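Okay, handing you the structure first.
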């Protein structure tokens, strides 16, 4: 029973990781909190749903949704953030513009779905279970784990080994210096927004499939969750986000199973608070320490 | 009349000995100089006194009061003021308001009267603004009172920061490169102001690259190189000390 | 005039509450505390008053007082760990605080009514009382702006090490800002509960947090006019968009994006700055044409 919960938690944590990775990538590179990320996640689920409803094979719908949300994400950047970057007022203002985008996307989704809760047609994904070590794992869960693992490794490779990844790292640490070196910050931003959006959209499809419910406000709780993940994992740290996401998934699964779902929320956010108490920059955070008048 | 005493002060950052065993006295009513080549550790010393850095070893005293472990604001409230090498003015405030904040230590109306908007608090604000205005006059920058602090040329910004630092009449003020970027005329004006301040009983610590400027003003000069004090004494002696010349020029100078 | 008032009364009342909560949010940000905890304090204040009045029959003024005290106490306790955090981390910690409050409100069902919340709260508040509360708040903030506390808050926001080097005990003043923010938030939360008949946890969640922050960012983070302008926009927007029916959300979103992109300091602040420049009381910059040239030449 315990092991089963841990397994379930790991799977949901894996999906949180996809969502959180995109969020932390954008923050790491641009220091922006993109509150529209939840809506992009939701858009992924919507696109996949309407694609399968039209009769397209699921795998195709999945890829379509992933790519489409990547594009939507770049469009969001263009509409909401590009102008702010130019005027140099990014931090606070970005929160408001991303809220604006969030409102727009949710409204569109609400109208399209007529405020109904949607579910994928039966048989969209084969229902098959495997048993081992006393645990029951579905084909879907296995697929999710596999998919997330591959994507995380691919992202890590991309950021750390390719030349474009180097550019991403350069722009995140110092945009001006990078520009002097001929790196196009705009191209970097577009790519990171595409990746972040695609990952979030994919996560949306997987969640929509796992819980078999899709509705226009489904992104909100995930956004809150993402805050916990990126803080505990360290804003801007990719490996931190993955580890923290899985931890959160497991803790959540265990507390819901053995305590209650409301308490689960309280515990996770209290955990966040305590983590910040002990590690003011997150568990894996890198920024300098704030002295606040004391001697260093 | 207070004097600042630094005894055996060291600051090690891991293996790096940024400051290694220095002794210094900054007496009241005098101008003391601290010179040395770039990277010698002069600003580190200022940070150690003002409370930004802890001391790995040694002590800092103001008369018989031990400052060594006090926080930045506590040190300031003892009457120690400083300016910053890279000029730190409040970017969104006007020049006048930047100086007004310097009077914090001397404010008498409390938090409650401020929150309630009592006449005493409002009157004090008016009074402080007038005093700041006068102070700006002393530094010759009164006409910029309403200007955005960040829009002034550096020389003028330094004057604003200096005015801010002495607003609350500190016992000791540490000036970090106060005349950097100023021409002869401007530095001479500053020199007069510094001498005035010393005459009124303030102890000044002048950290400067401009050796001529320091020699003119200071009664005592300390020379720092790579974290160590290599010379100290009146300017005439120190500037002829071969160790000092070597530190600045980097080679043995001809004795003749 | 009176018919205008009657038909728009709820709007005006909610506008006033939004202004109050906006000031709570703005005060923290002005002092450089990146807090979005206002919704949490509002929740605490609302529930404290609602429970005292409906369950224990406490007199309304006492209930509001208790809410105020709760708001101050909780914010004071929180300010200690919050002082060690900076920037986005501080914001997220305050967000966590709000979520914990909501989660606990949901969990302790027997005490708080759980997800259903508390209903049957007597409607004691009307436009008059709300207006009074807002005016008192404005007076306090206006006083702060003109005296020492305001100066310290400005310094803290822009460069707190400089403030420390001038003798400001920065931790105490950060705590002060946060406590004032908590006090105002809790009081207006209490006033709100005395207006809406019933309250439930979802009223104080992410949407509420975002609403207060939007009021301040849209309206202005630094001037007295800020939250008023911001709350006005937030109150009028849904009305303007009403003819659009289901497309309201889209219009709201577009307006938010446009306003912030072109008036990044917020509508209220930009208006105040513009007025100050017109009245020549604003800090001038060096590039003031003739004056600047004279100044340079004179040196």
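A few comments on the model shown:
Letters A, B and C mark the chains as written, and numbering starts fresh at 1 in each.
The rule we apply is simple: a residue touches a chain if its C-beta (ideal position, glycine included) is under 8 Å from a C-beta of that chain, and two chains touch if they have at least 3 such contacts.
This one's a predicted model, so the numbers in the text were calculated from it and none came from an experiment.
Nearest to the common centre of all protein CA atoms is the CA centroid of chain C.
Taking the CA centroid of chain B as reference, the farthest chain centroid is that of A. For the pairs A-B and B-C, the count of C-beta pairs in contact is higher at B-C.
Chain centres here are Cα averages; for chain A and chain C they lie 29 Å apart.
Averaged Cα coordinates give chain A a centre that lies 50 Å from the centre of chain B. Note: centroid distance chain B to chain C, computed from Cα atoms, is 40 Å.
Contact with two or more other chains is made by residues 161, 164, 169-170 of chain C. Multi-chain contact residues of chain B (touching two or more other chains) are listed as 51-52, 71-73. Each of residues 293 in chain A touches at least two other chains.
Contact residues on chain A toward chain C in their complex (touch as defined above): 27, 31, 33, 35, 79-80, 83-84, 87, 89, 92-93, 95-97, 99-104, 106-108, 110-111, 220, 223-224, 227-228, 231, 235, 260, 262-263, 265-266, 269-270, 272-273, 276-277, 280-282, 285, 287, 290, 292-293. Contact residues of chain A toward chain B in the complex are 291, 293-296.
Within the complex formed with chain A, the residues of chain C that make contact are 81, 83-86, 88-89, 91-93, 95-97, 99-100, 102-104, 106-107, 160-161, 164, 169-171, 206, 210, 213-214, 217-218, 221, 246-250, 252-257, 260-261, 264-265. Within the complex formed with chain C, the residues of chain B that make contact are 50-52, 71-73, 76-77, 81-82, 84, 88-95, 97, 100-102, 104-105, 107, 109, 111, 113-117, 121-122, 124-125, 143-144, 146-149, 151-153, 164, 168.
By the touch criterion given at the top, residues 139-140, 142-144, 146-152, 154-155, 158-159, 161-170, 176, 180, 222, 281-287, 295 of chain C touch chain B in their complex.
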